[in-house]
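Order of writing sets the labels: A, B and C. Residues in every chain begin at 1.
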Amino acid sequence: MAFSLLAPKPVGAVGGQSGSVRGVLGTVLRYTVLVIAAVLFLLPYYLILRNGLSSEHDITSPNWTFFPSSLHWENLGELFSDPSVPMGHALLNSGLIAVVQTAGQLLLGSMAGYGLARIPYKHANKVFYSVLVTLMIPSAVTFVPSFVLVSSLGWVSDLRGLIIPGLFSGFVAFLFRQFFLNFPVELEDAARVDGLSYWGTFWRIVFPNSLQFYAAIAVITFIAAWNSFLWPLVIGQDPSSWTVQVALSSFITAQTINLHEVFLGAAVSILPLVLVFLFLQRYLVEGVAQTGIKG
Amino acid sequence: MAACGSNSGRASSGAGSLQQWYHQYGEKGTQQAALKFAKAYKDAAVTVQWVPGDYGSKLASGLLSSSAPDVFEDQLNIELIKTGQLAPLDDIFASVKDDFTDADVKLNTYEGKIYGIKMIDDPQFLYYRKSMFQKAGVQPPTTFDELIAGAKKLTNSKTKGVYFGSQNFVVDHIAPYLAAAGTSVVSADHKSNLLTPEVIAAFTKLRELYTSGSVLQSAPTEWTDPSAFIQELVAIQWCGLWALPQIKQAFGDDFGVMAIPSIGAQGKQVVYNGGWSTFVNAKGKNVDAAKKFVKWLWIDQTQYQEEWSLDYGFHIPPRKSVATKATKLQTGQAADAVKLAGQFGIVDDIAFTPKMATAVSDAGNKILRSGADPKAALGTADGIVQSELKRLFG
Amino acid sequence: MSETQTSTVAPAARSAARKAPVRRKNRQVRGRTGAFWLFVGPFLVGLAIFIYVPIVWSLVLSFFRAQNTVVPDVFVGIKNYVDMLTDSAFLSSLGTFTLFAIFIVPTTYLLALGLAVLINRARFARTFFRSVIFIPAACSYVVGSLVWKLSIFNGVRFGLANTLIATFGADPIPWLSATGGFPWYWPVIVTARLWLQVGFYMILLLAGLQQIPSNLYEAAYVDGAKPGWQTFVNVTLPGLRTATVAVLILNLINAYQAFDEFYNLLGNVPYARPPLVYLYYTALGASQDYGHGSAGALILAVLIAVVTIFQARVLGFGRASD
């Protein structure tokens, strides 16, 4: 399973010839390619920081320099105090949406997944197919009809419209169903013999023993919610309901652009995810592997 | 502060609260001024939404939502009237009608009723660098042929000749391009002009300019922002009066203004008198309170109108009585621009709907950027314009 | 969870499910039905309201004129569908995006595979390289577009790409404006997308690589296969089948749903406008035409479903998971 990624094992057959000239050459070549790739992949991050901390004059100077002539940390204060840039509020909105959506998708999706995997019910298959069908319909295509619905509920430019439609992910329910099908049934049987209901079994036995899987799905869901753009763009018609992504996008297309503020805004917007990356990469890697291989 | 969004947009719509929307003005201080005006109004709590980005789209869907604005700025379009989105403003406007220019009154009138009150007139024209013109030995052009020839001379390794915009090169300038060729998309009797020789000639000439090698085709900021001109990326830029203080600060007297040159024999020089009008949402919950607020701000408070037009970017006040007091617009390049606007000014046609704009801009982009045959590309757009006209006027 | 646990648990679960109904009769069945709905109900209600209702509503709207309103106005039959299917702008957006998908899917796959193989074979600093390649996957498409549009490919002399080519004496390129010559916006869009998504697929393939048992390599070595290309073709590629299918399908669906970077990099231009951007401007842009917008969305949904099923068939998705 994917988790073995965390403890990489040497690939035997290839390792056998490490001493030969060809092997050394191969290693050098491999690392050269990897280093070039790494530099290219890191470059945009560097540009975000460079431009964010430069003066406007340095960014637009005809002579491109790798390092700005001086670092302008005061740009940060400017970003959050600029009244036309609701950055602080947008960060708050994004955080709230991502947290609530992650929690909601996990709760509802895992319960549904458990019910579908474990509780015998004669129409369970029909229910499962009705979930599967939603996987075939790409969520991005339903934005027009969904907007129609949400706008009739009066939820446009409203956190309810941003959060609630995103709480029900057929994909998450599907992943949990697959996961629970493979959950050791002996543990549950013991609990059932002790007189626990399905509800009790789920919360006392199944949930505590599946935390690793929950964490993996949570990290993926959080990133997707934080980065989502089309739906918040459609729903966030007035600036009080903007997410970070919509705010940034508005600055790209604004009547006048303040370059260093835009880049600093971008830097601030990716900071939470970089933190997730540094501390939860284990779960993230696992989540990606789960999403792809099981999906 | 309301515009920072401490108000969640779920604002209760009791009798005493109004939502007012502005697009994001680029000039520093405008947002604070808008908030100041709203706060000074005593009869209702006015929440100001300051909307950067694609204002047209955001406003259009925002009007369908429950937190729809009661008062908003926009440009009049017949669709808005036909769908009953706008409240007629004749009762509050009648007393000052004579103080507005005829063009501005006509712009916001449909079938005898007035729907909007012009807040600012924003003439669009070309800024040019006098020193660069001198060095290259170029005179301000009055025709597109002169413009193309001049731009070529002005282009060197550091600077291009002209900048009319990046992505919005076509879509934002359709009306003035065609006016410069002596025509328009929709004729006075509501027929499509797209397949007439004048329109085809206009797009052919634009293609010639675009591919001449002296156009800055892409920049981080659009034509609405004077940055490309200020950063000396170009010698000529299409922009508006609003940017004049910023340009003046950068170059002092080393710049001038000129009308958009004419295209072809029927053509004439053009200044596009854009700007913004204020409207009342007829489907809002507080139409009467909204009208009262509009009357207060855009009719009674002439000192605010003056401040809005002159203290940040420059705009021409639409009220004659205010304009005569606008001393800032009576000297230097500003005076030149105002004079050009009076001499060559054209205004929007409310029959030109967003759908038509997309169709014509698609055609224009195909002709200019991809080198499509003008007749074929315009033929597709012509079909769409005709079906829109049929839908609107039968 | 480990490999062995997974395989032993499955049959047990199945037999438990089979045994249960025999032991406890009718009352239990009712209890179970209640429990089922307790677990699945809340989710299903949400799914019905927020997925099924909108789709049905939109189906209704697609047969009506609905401009500047989200309620059906005037019944027009299939006119909206006819309009959309004869709308050259919509058709060309579908065509463009089929081409885009045909190009971006294999490119992403090959790049991700190459990097996964290199990282898998790296003996030191492996976690470092894995993280560096993976980290853009956490970046939003908006931020990616912003860096690409305003810094790297901004089309003026202070852009990074134009600075680089200027050192070779070339003129600045207006990357995002096409002028009939080379469509320079494609390299911009493709590199942005590759940067943003290659890491994600690389992780998937790396996970796949590490599931290939090392004794397969040893066996191939004993059989005389030379390490390198031969083992790669005979052992690695077949071993990666499941991961490959997952990467290709996910990637294809993503390509058809392209919106974020096109909206932010190019806006509403006819030469590289994905279907979703076109629908966005049709329905939610200034024209507010929900009838045509709904018809277009449904056409696109059907198209994506058909292409996905077709691709899954060709790649044998069903077989792979057996």
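Observations on the model:
To be clear about the criterion, a residue touches a chain if its C-beta (ideal position, glycine included) is under 8 Å from a C-beta of that chain, and two chains touch if they have at least 3 such contacts.
Everything numeric here is computed off the predicted structure, so don't read it as measured data.
Pairs A-B and A-C differ in how many C-beta pairs touch across them, and the larger number is found at A-C.
Taking each chain's centre as the mean of its CA atoms, B is the chain most distant from chain A. Chain A and chain B have Cα centroids separated by 40 Å.
Separating the CA-averaged centres of chain A and chain C is a span of 14 Å.
In chain A, the positions touching at least two other chains are 60, 62, 147, 151, 234, 249, 253, 257, 259.
Multi-chain contact residues of chain B (touching two or more other chains) are listed as 54, 59, 61, 64, 158, 220, 231.
Counting only residues that touch two or more partner chains, chain C has 70, 149-150, 157, 267, 284. Residue ranges of chain A in contact with chain C, taken from their complex: 1-5, 8-14, 16-18, 27, 30-31, 33-34, 37-38, 40-42, 44-45, 47-48, 51, 59-62, 64, 108-109, 111-112, 114-116, 118-121, 124, 127, 130-131, 134, 136-138, 140-149, 151-152, 164-165, 167-168, 170, 173, 181-186, 189, 197-199, 202, 212-213, 223, 226-227, 229-230, 233-234, 245, 248-249, 252-253, 257, 259, 262-263, 266, 269-270, 273-274, 276-277, 281, 284-285, 288-289, 292-293, 295. Interface residues of chain B, counted against chain A in their complex, comprise 1, 3-10, 21, 23-27, 31-32, 49-54, 58-59, 61-62, 64-67, 158, 220-222, 224-225, 227, 231. Residues 1-3, 5-6, 9-10, 12-13, 16-17, 20-21, 32-33, 35-40, 42-44, 46-47, 49-51, 53-55, 57-58, 61, 70-71, 115, 118-123, 126, 128-129, 131-152, 157-158, 160, 163, 195, 199-201, 203-204, 206-208, 210-211, 214, 217-218, 220-221, 227, 231, 242-243, 246-247, 250, 253, 256-257, 259-260, 263-264, 267, 276, 279-280, 283-284, 290, 293-294, 296-297, 300-301, 304-305, 308-309 of chain C are the ones touching chain A in the complex. By the touch rule above, chain C contacts chain B in their complex via residues 67-70, 88-89, 149-150, 154-157, 174-180, 266-271, 281, 284-289. Residues 54, 56-57, 59-61, 63-64, 79-80, 83, 85, 158, 166-169, 171, 210-211, 216-220, 228, 231, 233, 353-355, 357-358, 361-362, 365-366, 369-371, 380 of chain B touch chain C in their complex.
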